[in-house]
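Heads up, there are several structures right after this.
Next come two complexes, and both contain chain A; in the first it sits with chain B, in the second with chain C.
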Partner chain A sequence: MTRMARLIDITRCTACRGCQVACKNWNQLDGEIGEFTGTYQSHIDNSPGRWTMIKFYEQKKPTGLEWHFRKNCCMHCGDPGCVKACPNNALKKADNGAVIRIEENCIGCGYCVPHCPFGIPKIDEQAEKMKKCSFCYDRISNGMQPACAKTCVPRAIVYGTWDEMAALAEERLVQAKEHYPNSIIYGKDELDGLGVIYILPDSPDQFDLPVNPTLAPTLGLWKDVVHPFGNFVLGASIVATGLAFLFSRRKAFEAKESAKLEEGGYHDEQKND
Partner chain B sequence: MKNTDVALICGSNAAENHPVSFSWLSEAREKRGAKIIHVDPRFTRTSARSDIYCPIRSGSNIIFYSGMINYIFENQRYHKDYMLHYTNATFIIKDEFNFDDVTGLFTGYDEAKGAYADRSSWDYVRDENGDYVRDMTLSHPRSVYQLMKKHYSRYTLEKVAAAAGAPIDKLEQVYEIYSSTGEVGKAGSILYAMGQTQFTSGSQNVRCMAIIQLLLGNMGIPGGGVNALRGHSNVQGSTDMALLFHLLPGYLPSPNEGLGTLEAYNATTPAAPAWWANRPKYIASLLKAWWGNAATPENEFAYGWLPKSKVGKNYAHIALFEAIHAGEIKGLISWGQNPVVAGPHHNFSTKAMEKLDWLVVLDPFENETAAFWKRPDANPSDIQTEVFLLPPSTFLEKEGTVTHSGRLIQYRWKAVDAPGNCKHESYVIDSLAKRLKQLYASSTRPEDEPIKALTWDYPDPDRDHRGFIDAVMKEINGRDLTTGKQMSGFAALQDDGSTDCGNWIYSGMYTETHGNRTQSRVLDDPGGWGAHLGWGFAWPANRRIIYNRASVNPETGQPWSEDRRYMWFDNATNAWGGYDIVDGGAALKDDNGNLNPPFIMMTERVGKLFSPTTGLTDGPFPEHYEPYESPTDNIFNGRQNNPAHYSGPVGSLDKGDRSQYPIICSTWRVCEHWHTGATSRNMPWLAELMPASFVEMSEELAAEKGIKNGETVEIFNARGVIKAVAMVTPRNGVFNVNGQNTHQVGLTWHFGYQGLVTGDIANILTPHVGDANTAIPEYKAFLVDVRKVNA
Partner chain C sequence: MSKKMIKRFSPVVRVTHWMYAISFIILAITGYMLFGDKLDWMAPMFGGIEGAMIAHRVAAVFLIASIVISLLMRPKEMLSWIKDSFSFTKADIGFLKTFPHKFLGIKKEIPPQGFYNGGEKINSLIQIFAGAILITTGIVMWFRDYFSESLLVLAIPLHGLFFAVAVAGAIGHIYLALLNPISNEAIGAMTTGKVSEKYMIENHGQWYEDVYKASQKK
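Let's look at the complex of A and B:
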């Protein structure tokens, strides 16, 4: 199966929030009416019930005022930190590139949370589950576009194979640079390529994105070495304890037997056992 | 719009409120390198995605556009041949016509009436044969060209920048880039919405755009046009079907008591060769649609049964609420509306409603209008109004057509059933008609005849909703009554009672050959201009670009530029070819070798730079006047406000002065909420996007007042006080207007006291005055002050 991706060209986005609503609609997530946040932004961040949202950035630049809108959602990384961090196999990288949750395995432990460079996984404390964008796995597995891409009127969100989106990104970059000379592509090389490739009008840090997203070096260590080693050690400990018990029982028995033979009161001790 | 080279968005927030329109501009930018210009008091999401943003203070539209007209003349940016042959630039105007910049008046003003009672001087000179007199050299001092040049010479770049509070370099950049579309082969498109129309000079604001597009040769070509982005999904349909007091379906004038007979009505028909000369066929066919066999040549097709308005009386929204206040109107049906939130001067208008005996509201939610009797500060025990709330089905739960800003009529099919006891509006209107007919069935009074005789033989919509809609559509299209067959178009309508037609401009949408063309979904687009003639039906006659004969050189009949080959005339076959339905089938030239000009609806058959007697009521040329409440004086002429604007007699007296209320305020919309929020504030997925009414203000104003972002503030003026959350943002600036630092604030008008999220009604602040021609309220510029709320 080919790896799929979304191109999110924020130089085209008009922040209509169609994607934010389409995601709620398709996934039947409840509305979460909050308070005025200070800007047009609906909430501070994603939540277990809000898998995508638009973040607003007012920027005063020497060339004039700019206002940018970034759709914030799971990047479906090529090298997903959350998958490595999960102790319970509740996350996996599907063949089509989606980083999907295995609902029954998730215990809501939150280990994935600090290991996502983008702050995406959110824990539903009540349900004890992590929630995030699924890349509309049910839709894309059936030949449909994700709900957000389908609804996007200015084609700021485009869906296709990873290679197609990477190529389209190059074309869009040329146009973006006409208005925003510092435009970059973000997501082609990072973390084995992200499942969301952004066109950003300027550096990632201006849009709450890490400039060089990396995973903790110990993360692989945990999952690939320590955890299995720990399992091994745990298993070995159990076996060793069992053996030790058996050996020590035999020794105690032998000691007792010796003591009994020395004292000669064999029958009385038997009755007291 | 995808064919444009430069798009000017002024008086619109297209990216937010008409996202699909903006996506076509985006495509023009992507495919043809088009530039998008946004001119607006606020830096909005449209500005964020435009190539150039130029701020102007609210109320300076005519200042901005007049400056552009002057720039076009001074720098000769007009498309000369287009101007010569397709506009009235060369026409000579009567000597009696004048504009006096000291008084600020055109000739013919009656101060006592507050109107231009005598517009006879606003007219062309005729020769002894009654023909227009023209000067093709454009040098005659009384030519429209010279008069215009002089009129707009006062609008210099410096004065415009000062009066509009706009940066002069940005202004010049906008003028330069936009007027570059005057070059042959280039196209410029102007998009506008309520930011142009909702002023006491709103109609003249629109005239400015028409003038500019005519000067630049942008009418009738792909990528050109004066493109109104209508303010509601089907408001185009509603105005086409004449849900406006001064019209009958198809923009026929509705008669007043002064036109007591059909003969008198038809005597006001515009003269040939204007296409409007066919009007008697359309009114006769309309009357036949409504009264069938009871409409005969002998009784003037029952013209006498048409309700007649009082001569000179206004029945627009403001007038209706003034009449309710005066006790003239005792009952109100508020159908798919929420005037308590949407109408101007809420405190005056809603208080007036307490005098109503009865109120019927049709809305899927109990909106603020239905709940007016229990609104904050109302005392329900003092209110005797009996309120009926009928729950209709919504747009996904019924079927029928919607007509959009491109005049395209598209059928929509029902997607789901409405919940509970909701009924289709077709059921409501059908029941109303049938019960009225039943009520008057045995009456012998002459005034009840119209209702008795009204034809009403549609399928029962309660049992057959689709069948009802189908039958009505067929009637709107029109039929040959001798054969019973559907008309193929309005060209065959008759004035002798042999045809009927519920709306002549829609005729052709449901024919014998093609059936219901509004249901057609053929994507083919030969030429690639986006005409898609097989998709839906555009009125009139499925024409996509009107006046498209203006896209050719009048000498050769070939497109002005091969880059824009859309329509052409073939001399060999003496016929038109092209990718659209030609606008007027006449040959390029008449038998005498004279051009058959393309603007076929006008008597002049050319575009009007000068709008004569029968045009707008407040002047043949747009002229700047300040909004009713303004922070500054008019520097362009001696008259502060539009001399002919509409004033609600009582409500307009609640007027504020700049000494008390120095801040300009405007009201506008956002993507997330819909109009009064009756639907969107009841939907969690939308309510959560914008849960609070906010007032946008500049960082400078906030600093002056000690207001912090997110703090609740009060906005107040001569008409009331409201609270909103302050949104302090650099997207709002300070305007230096005529040397004075002037602040502007603004809010949405989406909030009210009902729904999941609530807020104070912004229209508590708006004035009871409106446009000189349409009476549309001046929602976009009035005065307020802002203060912190004392804890």
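Let's look at the complex of A and C:
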């Protein structure tokens, strides 16, 4: 199946937060009243029961005040660190590009959390499960668009194949540059292409996004070196001691037998039979 | 040969050793459930892998407690063990040369060994180093909120690496003490606390000398 993606155009978002509601609605997540954040932003961050939310950015620029709204959700990376970090095969990259959780395998160990460059996975400590955006996997694998994209009025969230979205991003970039000359496309090349392609009015670091998202080098060390080496060491030690055990038993048995023969005890026993 | 038994380990050291051993085995089994999937069938015993993660933490507390208790109650015995482990002599190297034979259960002349032989010293060093790293990285992973993310992503592979090293060492240790017919008398030292004089002379000649000389002086 072709890889699907969402285009999120920050320059078009009006912060209606319809996507936030639609996500809760479709995924049957309860509403949560957040603490006052000091701005119009509803909550501080995503949570196990809040897989997407709009983050508010108030910026003083030489040209005047700018107010931007970024939808924060799982990027469904081309090279997802969380999938590699998961020790219990509870995460997988689906054919259509969605990074999905396998609920019954997840034990809430939280190894995915430090390995996500975007801080997306959240641990539900009560349920001992990690929760995050599923890319509405149930919807998109049945030919529908994700709930957030469907509800988006100003077409700031657009859903389609990755190639379509990459092409659309170029069009949108031209439009965005009319208002924000520093506009860029984010997510086309990062981590083998993200499943979310952003149109950002300025550099990524102004929107809490890493400029150059990378996976921790220790992740490769762990999964590609330590893991096979550890399994080899454990297997080798079990096989070696097992063989040595058989060999040493045989030696001990032989020693016992020859000692008996020397004593002459062995022959006596035979005579008695 | 006389059947005289020689005292080797004090009751406190024996109890804490078994406390360490049982905790270690539980830690290894529950830890492997995250490392690989070949022991996942044991998970129901702990109430699923989620339960195994709790058992892992409980066992970790017991393991650390066993170290602390032994150090507090028998500091002399423990410190001389640590000191011995870090002082590697010629006799220890001589022992390691004959080790492949011993491992396969073939008796061979060994240079007179001290209270701990060369192999025991290696095993001790593995446990001391791997244990220190496992406990440190384990604490980082348990109390992850108090440590930086870069420390956490480093702790995870280190924990896995030294888990494998420590368990491989432990498998060898258990085999030599329990299953190998020429060295399994050593188990007595950890159960009754005593070994026979014959075993002492054969396997720890230097120790025998030391004890003998000490008693001569008196």
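Methods note: the second predicted complex is superposed on the first by the 239 of 273 C-alpha atoms of A that agree within 3 Å, B and C clash if a C-alpha of one lies under 4 Å from a C-alpha of the other, contacts with A are read in each partner's own complex, and residues count from 1 in each chain.
In the analysis below, a contact is a pair of C-beta atoms (placed from the backbone, for glycine too) under 8 Å apart; a residue touches a chain by one contact, two chains touch by 3 or more.
Only a predicted model underlies this, so the values are computations on that prediction, with no experimental measurement involved.
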Which superposed partner A:144 touches (first chain B, second chain C, both, neither): neither
Touching partner for A:175 - first (chain B), second (chain C), both, neither: first
Contacts of A:233 with chain B and chain C, given as first, second, both or neither: second
First, second, both or neither for A:94, with chain B first and chain C second: neither
Touching partner for A:67 - first (chain B), second (chain C), both, neither: first
Touching partner for A:17 - first (chain B), second (chain C), both, neither: first
Overlap of the chain B and chain C footprints on chain A, listed as residue numbers: none
Residue ranges of chain A touching chain C (in the complex, touch as defined): 85, 87-89, 107-111, 114-115, 128, 216, 218-219, 221-222, 225-227, 229-231, 233-234, 236-238, 241, 244-245, 247-249, 251-252
Touch list for chain C against partner chain A, complex: 34-37, 48-50, 53, 103-106, 144, 149-150, 152-154, 156-157, 160-161, 163-165, 167-168, 171-172, 175, 179-182
Contact footprint of chain A on chain B as seen in their complex: 15-16, 19-20, 22-23, 26, 29-30, 43, 45-49, 51, 53, 670-672, 683-692, 694, 709-710, 725, 727, 729-731, 756-757
Residue ranges of chain A in contact with chain B within the complex: 11-12, 14-18, 20-21, 24-25, 30-36, 38-40, 42-43, 58, 60, 64-69, 153-155, 175, 179
